[in-house]
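Chain naming follows the written order as A, B, C and D, and within any one chain the residues start at number 1.
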Amino acid sequence: MSHALRVTVWNEYRHERNPNHAASRVYPEGMHAPLASALAQAGMQVRVATLDDPEHGLSEADLAETDVLTWWGHAHHGAVADAVVDRVQARVLDGMGLLALHSTQGAKIFRRLLGTSGNLKWRESGEKERIWIVDRSHPVADGLPEQFVIPHEEMYGEPFDVPPPDDLVMISWFPGGEVFRSGCGYRRGRGKLFYFRPGHETYPTYFDPTVLQVIVNAVRWLAPGRGPAPIYHNRPPLEPLPPNE
Amino acid sequence: MSHALRVTVWNEYRHERNPNHAASRVYPEGMHAPLASALAQAGMQVRVATLDDPEHGLSEADLAETDVLTWWGHAHHGAVADAVVDRVQARVLDGMGLLALHSTQGAKIFRRLLGTSGNLKWRESGEKERIWIVDRSHPVADGLPEQFVIPHEEMYGEPFDVPPPDDLVMISWFPGGEVFRSGCGYRRGRGKLFYFRPGHETYPTYFDPTVLQVIVNAVRWLAPGRGPAPIYHNRPPLEPLPPNE
Amino acid sequence: MSHALRVTVWNEYRHERNPNHAASRVYPEGMHAPLASALAQAGMQVRVATLDDPEHGLSEADLAETDVLTWWGHAHHGAVADAVVDRVQARVLDGMGLLALHSTQGAKIFRRLLGTSGNLKWRESGEKERIWIVDRSHPVADGLPEQFVIPHEEMYGEPFDVPPPDDLVMISWFPGGEVFRSGCGYRRGRGKLFYFRPGHETYPTYFDPTVLQVIVNAVRWLAPGRGPAPIYHNRPPLEPLPPNE
Amino acid sequence: MSHALRVTVWNEYRHERNPNHAASRVYPEGMHAPLASALAQAGMQVRVATLDDPEHGLSEADLAETDVLTWWGHAHHGAVADAVVDRVQARVLDGMGLLALHSTQGAKIFRRLLGTSGNLKWRESGEKERIWIVDRSHPVADGLPEQFVIPHEEMYGEPFDVPPPDDLVMISWFPGGEVFRSGCGYRRGRGKLFYFRPGHETYPTYFDPTVLQVIVNAVRWLAPGRGPAPIYHNRPPLEPLPPNE
């Protein structure tokens, strides 16, 4: 790709604007801020879009100029317009990458692309999360240690209602006894989706350098390829058909 | 399973009732008839449901008593009520098997469970289809020859817009130069989906004994297991949490 | 299958015969004894074979009459004759199932069929193991709870040097901070392999009813199918070839 | 990667040196020549190694400086020393990529890394091969058309005795009625393997620009990542173990 990778960092951005919510203190400039900053520092061309922007900041024109879309949603999945979900899905099938972060497992677009509920166990406990790399050949694991710790996070536990990942890269351990498939790649049409678990709004997870490394790696892996555009319709034969008996 | 497998054979059933449509001559009793008959002969308890039945014959009660649902749809995918699609999806995630036949690749329920368009190339030519088994360890291949021929079929060609199958069992060859992933298994929640390509309404494909063998095999493979029901919610830890620093 | 499933329970059977080894007290009749008993109780026809039997109890004739082979090896992998490994591999490719238990991850036959080292982290600590079901649609999960505990086991931790499993059914949690892909299915030719982690020789794991349930489930899943035997050689065309330009 | 990708192009190189073999006329400078040339033109640092070099040109030092190894073997698989096979396998598990071309499906290293026979059907007929892209999201498909034709090739047909590919990118169609999974990716340890079918020694396949594009793409995809090196041994716990009851 000769141009810089064009990334849209999408954020629900409501918790952080509520002065009574802990997120407003942890992420005073919004959860998108550290993500956008890390991606820009990695040489990408970054724009931010949020739920309360017109068309959620995801117009046809916006998406046409987006190579990879990162998505963080939590409490307002229902407020995302179905027309925007349709549009994002179509762009993924046409090649755009989608990085689904943390509670985005409940978002319409996540369920739409995977066909499952995204449900899971959860506990808001500030527990330690230990993330193990289980596919050391995968680009998302580039430069990572064999495991890393996030000191305080929300717990997510299996069963995680997603299809078997095409690429299972990471598994989380929690002290309360749970495990979780926390780094999962999927291929859909010409595009790809990656789910990365950490990122509860009340912990400073998105300031953690290893977490940001995973996110940069994942966005690179999600960059659109140049595979063939599909031809879907009634087609004449490529070879002469034998006469029909 | 101590009871006979309970199968609902669902059919759009409009082509066959139109006396001007070739399907009315090939399948005078409906495309569901040979399927239902083969499944019953294999010892299953079979009922038939169609698009024009109340609630399409797929009420909550109907689905609750269905272990495996087979689905043939073609020209009226849009007429299927979204509420019924929701309900079928929920039942699959809860364990019901779904056998998606032929043009069902365009049905709402197929797109819903897979997250892709299901699009493909096609040609209505009466071409020969040669189907190769590429996973000889798979239960859907039980008792089959290494390849078999359907003398006249509609052609479906790649690219087929589906996720990479969890189980790729069959690949079709067509004389016009195309190939197609024609036997594809997917796991979703506690349930499974199998897609089997053949079955255009103007050819007597569903009277072919090998095709019927595949369908019986697939329904058996799709039978609900007795895996654990998921527990999805806020959960106390199973192990004592260390004190939060 | 009309006959009872024919299972050969293979055991290294040296630890247990050493009166100074703890295994001799935990498994006085050999680690194969509780496995053979559970499989027989499930209606299978069971024989036992051990390392020190002639040809390790795995002659051509023995294997020809074996539908599923279960294997427990640990300290004497090198003592298994290569000719026997060749023969077991050939039988798996021809349809026999192989259940690889615990430290069998280091056995020649395991490395042979998977192509990787099978290496892992380990700690002999008597730690608790908590095993989570992550594929609730899988026959190996039949009748299991969503997670179960083995009170004292050896720890195995990631990275586990195996190919990405075709079917990932279980993930283990250990209190020392590790996770492990502990229930892994693979398809090889007409046959299948399942790896199940628990079973250190100094703990009574193979008397645990849930563990035995997994083993019975896995053996059933590994039963040979009736997929087509392959035809591998120089073959005339099935369709008339066009003249070569 | 800051340095140029270091590629070793390995060739059996016996057919071409036999003046009575058609390969000597099609590839007078060896089958490695067009491959090496295309890879060098793509900016890679290329060396050539052949069966009859000392240690087959694959000493420990050679492999230590190889990022991706391409391999073409056919009639002399048995002449490859087992010690070299061991060494190549170890390097793949440690991160080196391996591109297995055409009849390399019968090579020791191929069987070693996959665990299966690599067997298939074949016919030396100069038939047309039509290769379809079935994973349009995959880097190996970069810049390719949706299908391309090789005018004259040897036919390879299913069943192809390999594990289900982790990434199935291409399927071939042959006029004689066969299909073949002809572009297959596998992950092994920190490394990857890609199998690409075309390349019979009596046809000028490796002068075809689209075929060379696939090979360049595949080598790029096979480039070693920077995932964590594994730690495999007896390990103290990362978390304090609860007292053993």
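To be clear about the criterion, a contact is a pair of C-beta atoms (placed from the backbone, for glycine too) under 8 Å apart; a residue touches a chain by one contact, two chains touch by 3 or more.
Computed from a predicted structure; not experimentally measured.
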Label of the chain whose CA centroid is most distant from the centroid of chain A: C
Would you mind telling me which chain pair, A-B or B-D, is linked by more contacting C-beta pairs? A-B
Chain B on chain C, rotation in degrees - Cα superposition, rounded to nearest 5: 180
Could you give the separation in Å between the centres of chain A and chain B, each centre being the mean of its C-alpha atoms? 30
Centroid spacing, where centroids are CA-atom means, of chain B and chain D in whole angstrom: 36
Residues of chain B that contact two or more other chains, please. 130, 133, 135-136, 146-147, 157, 159, 164, 175, 177-178, 187-189, 228, 230-231, 238-239, 242
Using the touch rule from the top, collect the residues of chain B that touch chain C in their complex. 95, 130, 133, 135-139, 141-147, 175, 187-192, 225-231, 238-239
Of chain D, residues touching chain B in the complex: 130, 132-136, 146, 157-160, 164, 167-168, 171-173, 177-179, 181, 240
Within their complex, state which residues of chain C touch chain D. 89, 93, 112-117, 119-128, 151-152, 155, 157, 159, 161, 163-164, 166, 175-178, 186-189, 228, 230-239, 241-242, 244-245
